[in-house]
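Structure below; questions to follow.
Letters A, B and C name the chains as they come in the text, with residue numbers starting at 1 for each one.
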Amino acid sequence: MLLELIQGTEGGGLIIIQDSINYSGRHLLMSFINAALKRDEVVHLLAFELHEEDLKHELDHSCFQRLTFHNAFQDPLGWNEQPPFTVHQFITKELDSLLTPTHLSKPVTLVIDSFSWILRHLSPPSVCKTLQRLKKGGAVKTTLGLLHSDMHHRNMVGSICHLATSVVTLVPGHQCHEAVAKTIRRAKSGTISQAEERFSFNEDMSVKVQSQPIQVGAPQTDAGDAEVDPTANLTFNLRLSHQERKAKEKLALPFVFSKEKKSALLHSGPGSGRILYEPDANDDYDQEDPDDDLDI
Amino acid sequence: MAAPMKSVGSSFNATSFQKKTRSKLISIPGTRPSVQNGQLIVSTGVTSLDYLIGGGLAVGTVLLIEEDRYNSYSHMVLKYFMAEGVLCGHELFLASAQDHPDDILQELPAPILDDIASHSPLEGRMQLGGQHASQDAMKIAWRYQNLPKVQTALASSSRFGHYYDISKKMEPEIRQAANCYAFYLPEHPTESSATRSPLIESYSALLQSIQEVIRKGGFDGAAPPSKSRNVLRIGLQSLGSTLWGDDLCCRDNPAHGHALTTFLYGLRALLRSSLSMAVLTIPSHLIQNRAVMGNIIRLCDNAIALESFKGSDRETNPLYKDYHGLLHVRQVPRLNCLLTELPDHKDLAFKLKRKQFTIERLHLPPDLSETVSRVSRGELAGAAAVGTTCGTSSNKHLDF
Amino acid sequence: MFAELNAILNTSPDSFKQGEFILVSDRRADASFLVHHFLSFYLRAGCKVCFLGLAQSFSHYNAVSQRLGVSLTQAKEKGQLLFLEGLKESLDVLLGRTSDTGSRALDFLRDPAVGLRCLYEFVQASVSDSGDGGEGGGGPPVLLVDDLTVLLSLGVSVGSVLDFSHYCHATVCSQLKGNMVMLVRCEGEEDEDEDGDEEGSERLLKGLTHQCSLTLHVQGLPTGFCRDIHGQVEVCWRKTQKDKPPNQKKLFQYKVHDKGASFFARGTSSAVL
């Protein structure tokens, strides 16, 4: 499902990538941008936490001219002279003027990296209103945002995600180059689909989803459990294949009595003896301490 | 100890031969350079506490004592600190919002003076005789005679500071010889300031008053070195309590949450540039906000916490029958050096005897009774593990 | 400067990566020895260093740097080091004195609610005027802060500190291709309370972790106090390197000595082998 989301097959809406200090979502964001550029879309990047130089290392040079970089990194509060873009410009009017002078024919993607600045300096209602307006349409087809979910109050994170059409939550995988993405998508019809996928990055920044998708709703066998599973990397075999089990069951162990022998022993024949014992009053038998001398 | 070190620091190059230049340090009675790093230190009045914080309290630093629940032992340590200052001829500054500083000074413990006078000549002979006797005594278990005596109390090899008898009060003549500045909050006019500084009025007034004493008394490091320099001992009682006008103790999210930390920052700034050092007590058990408490500890150079057994279930636990409370080391000083000699381990306890306040390594009492049951001993050990969690926080896994 | 740490981070004063934001943090341990390391490292590399010494006095940093073989007084005279002594400067403001001589860098103390713009302007002025010579003109500018938690203690909000660090990052690392090292100190226990709204060093640490490119997180040993191993350092490269994926982590144990520190893999302390 992650791949479909990157490819934009569903089309449009507000996509939130939630990350934490344990795993940065910026790489995935770059893959999204790369994919959008390759689809011949116009991408506006509103960068609060990313310098233009860094971006050039990560993106495909061939489609660079379709990317419009709005530098909110340099001076987001207007402390210096002539800020290119400040946090307080994150209102519908300013955004519209930012986005209109583009080719009308091509779909526009607005990428926000990240929401942290906006949420720290603007009131949540106004942010949500702006996002809703963006989502409603107009110039922008897709809005894509990175949200550091551990930086903000969980209610604020919740309200942003409430608006989103898709939410991708990232957690580190148990191998260092892998990560797990939990994707929740709301279709226009109202159906909710979820998926949990392990993925890694290829050389060219594209996303490679591991072959087996993790079933959501399946009992706790996901990556989190596998991480603590001590039996994962053993040098010996703990589980048996079907054939091995069959072979094992065939084998008769030594000292296991056959049925005949057991029954022969159980049904004792004539001539055998038994011990009968009845304790009498002189027997000083202690239930608690059969050995009588242990100091418990 | 900022000021004198500065002159020294520029004179020596980056060699390890620094001993000689140190002799240039101004000598003030009651102070001496630390063995570890050459800082000028003074005694806190408690010998084992001196040992714990690296020989003594370095000039220019702050010692924080987290109060025990009834503020009895921490108050005692503060009085020891002041009494030591009186005996060394240091000048004193005592601030309180609770008891009048003069009343506190009247209750200083009496020094055991004859001990000091006869200390140096007698000690040598005593030791000689003692050694002789012990050599005679070891006839059978002679292999043990070269072993050092086991000493649980923390102490350095050489004496520094005095001993006190807490059952007696210090003679008024000795006490009045010392020059003491008192700051009693109720008697002190505080003008409410219109600024939006995080400091509240009481702390601001206190900071200003300390600064005035430092400037007028000539403790300023920038002042021209006169012939007789002296050091200033500052004692601050129960900072952060409600009597100081602070709401740190009574609320989870105090309105003046940064008042005390800002004051401590200013105090550090004052002390680093002067010949003074401070001991302050804080009722930390009342402060709910751990983040604020962490900031407070970090702004003090040394921090210890006293946890009295009074009123806790540990009072009756036979494991602790030899002690009056536990002592936790929260912060060790790290001034003018990368590394501080740390105490061997952190499971420490204290007891207050009539003539001494000692800090000892916590250990199980000897098991003398014959009919001790195995079960109860196991329980004791379990309780010990719970009680001494400051050093060994969990035994679930080992790092190596 | 600790040679073993340089080997771990794959840098040396002659060749180091530029434009890096290094975050040093600690929990139940003291990471200030790493600040001394970076101070002596960048001074040896010939960078122009701006040091915001908020926690300690100049004589402390000078005394420790002497042991590490670098003289701060000389560097200061040469103009290579610009030292803001927070303790000294703050006193005037805290005591309500108005002095014309002091800089306006610590004006936030009068009203912490206004933010750290003054401090940033001080940093900006001191890192960008490398044109006026001094001998440190060769290398890129470097900003060191010890430590940011002091600002929280003085009543500045977490958000303001994050704004400040962002602006420093934009100016020093991105614009001037210099480096930046900041120290944050945390409380004893990591609270698993997932509430991202609390004020405090925890939230500051998270915010800075999102900004930085390399973290060095110093912790006390989880098994408790030990004389021969003072704690562990977790090194995490947050940005992509040449051939490695992001979020690479490595764990080392360390011991601080009188004139340096040694770093070793877990369990390989000379005391236990």
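As a working rule, contacts are C-beta pairs under 8 Å (C-beta built on N, C-alpha and C of every residue); 3 or more make two chains touch, one makes a residue touch a chain.
Since the model is a prediction, treat every value here as computed from it, not as a measurement.
Chains touching both subunit A and subunit C: none.
The most distant chain from subunit A is B, comparing centres defined as mean Cα coordinates. Of all chains shown, the one whose average CA position lies nearest the global CA mean is C. Rounded to whole angstrom, the centroid-to-centroid distance between subunit B and subunit C, based on C-alpha atoms, equals 30 Å.
Per-chain Cα centroids separate subunit A from subunit B by 51 Å. Subunit B meets subunit C in the complex at residues 2-3, 5-6, 9-10, 12, 14, 193, 195-199, 204, 207-208, 211, 257-258, 261-262, 264-266, 268-270, 272-273, 290-291, 294-295, 298-299, 334-339, 342, 344-346, 391-395, 397-400. Interface residues of subunit C facing subunit A in the complex, by the touch rule stated above, are 117, 120-121, 124, 159, 162-163, 166-167, 170, 174-175, 194-197, 203, 206-207, 209-211, 238, 240, 245-249.
Across the interface of their complex, subunit C is touched by residues 21-24, 27, 49, 51, 53-54, 58, 73-77, 79-80, 114, 116-117, 120-121, 148-154, 156-157, 172, 176-177, 200-201 of subunit A. Within the complex formed with subunit B, the residues of subunit C that make contact are 30, 32-33, 36, 56-57, 59-60, 62-64, 66-69, 71, 73, 87-88, 90-91, 93-96, 109-113, 149-150, 152-155, 185-189, 198-202, 221-227, 229, 232, 253, 256-261, 266-267, 269, 272.
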